[in-house]
Amino acid sequence: MRTVATPGTSAATREHGETTHWVLSLSCPDRPGIVHAVAGLLAELGGNITESQQFGDPLSGLFFMRVQVEAATSRELLDEALAVLAEEFSMTWTLDVAGRRMRTVLMVSTAAHCLHDLLFRQQSEGLPVDIVAVVSNHTALADVAAFYGIPFHHVPVTRDTKAEAEARLLELVEELDAELVVLARYMQILSDDLCRTLAGRIINIHHSFLPSFKGARPYAQAHDRGVKLIGATAHYVTGDLDEGPIIEQDVERVDHSKKVEDLVALGQDVERRALARAVRWHAEHRVLLDGHRTIVFR
Amino acid sequence: MRTVATPGTSAATREHGETTHWVLSLSCPDRPGIVHAVAGLLAELGGNITESQQFGDPLSGLFFMRVQVEAATSRELLDEALAVLAEEFSMTWTLDVAGRRMRTVLMVSTAAHCLHDLLFRQQSEGLPVDIVAVVSNHTALADVAAFYGIPFHHVPVTRDTKAEAEARLLELVEELDAELVVLARYMQILSDDLCRTLAGRIINIHHSFLPSFKGARPYAQAHDRGVKLIGATAHYVTGDLDEGPIIEQDVERVDHSKKVEDLVALGQDVERRALARAVRWHAEHRVLLDGHRTIVFR
Amino acid sequence: MRTVATPGTSAATREHGETTHWVLSLSCPDRPGIVHAVAGLLAELGGNITESQQFGDPLSGLFFMRVQVEAATSRELLDEALAVLAEEFSMTWTLDVAGRRMRTVLMVSTAAHCLHDLLFRQQSEGLPVDIVAVVSNHTALADVAAFYGIPFHHVPVTRDTKAEAEARLLELVEELDAELVVLARYMQILSDDLCRTLAGRIINIHHSFLPSFKGARPYAQAHDRGVKLIGATAHYVTGDLDEGPIIEQDVERVDHSKKVEDLVALGQDVERRALARAVRWHAEHRVLLDGHRTIVFR
Amino acid sequence: MRTVATPGTSAATREHGETTHWVLSLSCPDRPGIVHAVAGLLAELGGNITESQQFGDPLSGLFFMRVQVEAATSRELLDEALAVLAEEFSMTWTLDVAGRRMRTVLMVSTAAHCLHDLLFRQQSEGLPVDIVAVVSNHTALADVAAFYGIPFHHVPVTRDTKAEAEARLLELVEELDAELVVLARYMQILSDDLCRTLAGRIINIHHSFLPSFKGARPYAQAHDRGVKLIGATAHYVTGDLDEGPIIEQDVERVDHSKKVEDLVALGQDVERRALARAVRWHAEHRVLLDGHRTIVFR
């Protein structure tokens, strides 16, 4: 433990023998003194900063910061101190225990690659999510969920039952206390209402290098256009379809000999890579919103 | 020399002591027997195939082939034999000496990176082009051309003189017997007429990953959209702006901290890479047109 | 069906109403006339070449060819005709039905990522292998095999039982008529004898960008050396450890902030990508041996 | 201007009407309070942090920080305050004006690609170096230097004159007040003495993906081994040849059809990319030494 016994931390240290590794993400209007104030608050509480990144966007005039800090202090003390600071700097902030698994619902239709990939990475690679449910408008992937021991919910969607289905989804999100919803190739368009309700908490993987080939059948479009690279885009979902803030993109090289189905197969690799990174960064509080752009402290 | 003395080649062999390395590119409606017929013709003339690629496009029903062959035969004999074959198979074909430098005009405005790059690669990396002129609507890059000893032609373009300027360009292309025109960041839109006249002989580098961000200021558009990769596209120019057949594309990773001018600087690397590859492949007869797509035998 | 009724194929066509898509891979000393002879043989049998690639290696003096052909002929006729040709040109050749699934044994220890990946790609992405067994010196991955319905064989290995274990493996390979053995992160070194017996039929994934970091704990070595990219190499196994012919390599960017365990997690993505490609290309007869190098007709 | 009138900065603000954009890089033994102390010092002087990155290496126990700050203070005041802090934390630090061009000597032999590239990027892409001399053991590239208006020094090296040549180089470095020496494909091995004298100030580009293919003719080695990717490595030069701390690496995909000379040509692109990035990051004080590894705050 590397805390220092200063007057300001003695109370905390007395109460909490164990050091916690915290992660704090924040944004506020840019002005001098923010870093000093944050570092000061953390030093007051006996914290040791292990990782920190900042960015000031000259266009939006906003300042962004993510800091990991080891401290033997309670969440209450931290929350209290941060609330005061947030007031002063008009700050939006999130405090979490570093490495805590974010409660996540995966939504799928029939394509299995992203589901498999996220479940596997959660189990084996330390993807910091706790997958509390797989929700699908089909039943095809129930056995995959079962293999990983994740509850599977079949919520069918027809034109007539869409509102009902979304209500059921929201209910699940609330019941399960889910913080994040990942559309892992879920082939239904969400209503504007739902997008707004879960704003900043839904990540989608679009099987194209946005903003190319928005809309339906992007690989067919890409094939027809004769592109030499195909891509995928992980983004937050907003009401404006395929236009939400981009979190991550990746590409794969293709050539003339590839048929549409080859592009689909090759694309799956890009999709799962881009989606897994986006989910990891979101769960680690590395992604901050700057209007319709993202700041990603990788 | 690895020719074989067969009756069919004896005449050719007698006349031409030296072996030439030929490259033959062709396309025709797909049907059985094409490869056999081409290989047979070349064997007849004592040729040794050193490299060969084929592709049949099930969508267009066209067959494409590129073959390099060492043969001690004359162009006349080859042309004659190929004309007969072309008749039979409704073939479009090109025969060239492998490695011959294609006579090329570079067109530029004020951005120097692609010009520098192509001139340098021609001089030092064996890019198989003979750059016979640099044409520009500005004078800023005259000294670069001079350094490499290439004639520089200033052809200013205003709204009123555009037709005149294009006529001058065509005149230059004819006088210099240029086979290829490369728009190496030439910031003028060519008329439909010129595009048609030089169809399949003009390559452009577009500073975006087409079909994203067509039109003006693509890096500003990319920045505004918050993309995580920027790209460039080398394509043939057609009347339909930024929609010509794509030859090559490449990308570079960027993040939130990059300003528009950073994207521009990073993009220059992608642009020159993609353009240089496209020019090389075209000059080596590796690019064949399949409707509005390209077959690239890399 | 696009066969042509020529005298040479009439018998075959009569017997075999259905067209088969064949893939033929061959190598032989380079000399004129090979392509013509092969194309001629295929044309004789009424075949239509749909894909073909050739390469002549000036260093080894060997010629390599892979051709896919649609033909309504029997295997017997093809085998017979190819045997004659092979005699004439001192040819090594393989004839297979295109897309046939190669019977494959996967060997694993405790790391699950490559196993999961290959099983998933076999099931969902058309990886053309028929996985007939998972063999492991541990039991940790038995449930993964069970999920995909693949027989799992636990063959423990100790210093004393190594010979016995390898005998059991060979027995399995024979009983199951396996054509390919994939070491999907199998952490035992095979004996020279076994390597020789299965020469050209064992593919390994090495968790490094060979020839860097041969031997044990490559990610720890890479971390210690401070490299900025980590890689993986899929290669044929020979007696000379980590020195077999390379089939495929790939890399991922890393930075100073990554710990050894992060490199391991990031590396898993590269490993499974490189291995899956190598297995696909091998199963499609796209990989030919040229001494200790490979020709890969992608 | 975004300074804040605090008692501590009033003197500075009075004296210096203009804000300067500073970059501060530092490393020291890790312990709590460093960020707070640095941020406090900068806030005291009225500074506004615009960019900041930190990293604590658990292995070496060292802490690294790079911060860009706008402040209307004099270098003297900053130096003074930092000296006090450095004493307290046993800190190594560098303070510079952000964007100042680092005085740089380029050393070359006969290969022109890296020289061209660096000169071009300096002129056109804002590479923040001031190239004060090109030094070569050959005369082949004198005209390239001349084109860019850079003094060219021919310092021939033979076995007998090596010590003399190095003395001449050191003399030039001192006369020209050069801060950085870039070996842009300089094909002479520097003596241990020279490496020590200029420790941390010489960057080399090695035409291989280190630690593969150390030593001579790496592309020939890579070709012989049949690798599927070729790479380049930019690193600091130490007495231990090709073993200095790695700054940047990159790769390019190759296949069996590429001859050694093709690898060389393809490799040039990777070399110039990797070297240009390394030079930029060094000149921007983004590279800090952590034993024989580098911390790169990109």
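Chains here go by letter, A, B, C and D, matching the order in which they are written, and residues are numbered from 1 within each.
The criterion applied here is as follows: contacts are C-beta pairs under 8 Å (C-beta built on N, C-alpha and C of every residue); 3 or more make two chains touch, one makes a residue touch a chain.
To keep track of the chains, here are their UniProt names: A, B, C, D = Formyltetrahydrofolate deformylase.
The structure presented is a predicted model; accordingly, all values stated were derived computationally and were not measured.
> If you apply the touch rule, which chains end up adjacent to both chain B and chain C?
Expected: A, D.
> Indicate whether more than half of the residue numbers at the chain A-chain D interface occur in both copies; give same if so and different if not.
Here the answer is same, because the shared fraction of interface numbers exceeds one half.
> Would you kindly say which chain has the C-alpha centre located farthest from the C-alpha centre of chain B?
So the farthest one, by centre of C-alpha atoms, is A.
> At what distance in angstrom does the C-alpha mean of chain D lie from that of chain A?
Comparing mean C-alpha positions, chain D is 35 Å from chain A.
> In angstrom, rounded to a whole number, how far apart do the mean CA points of chain C and chain D lie?
44
> On chain A, where are the residues touching two or more other chains?
51, 55, 257
> Given the complex with chain B, which residues does chain A contribute to the contact?
55, 57-58, 209-213, 224-229, 231, 245-251, 255-257, 259, 290, 292-296, 298
> Which positions of chain B touch chain C when the two form their complex?
Touching chain C from chain B are residues 2-4, 30-36, 39-40, 42-43, 46-56.
> Would you pull the chain A residues touching chain C in the complex into a rising list?
Residues in contact with chain C: 51, 112-113, 116, 120, 124-126, 143, 147, 257, 265, 268-269, 273.
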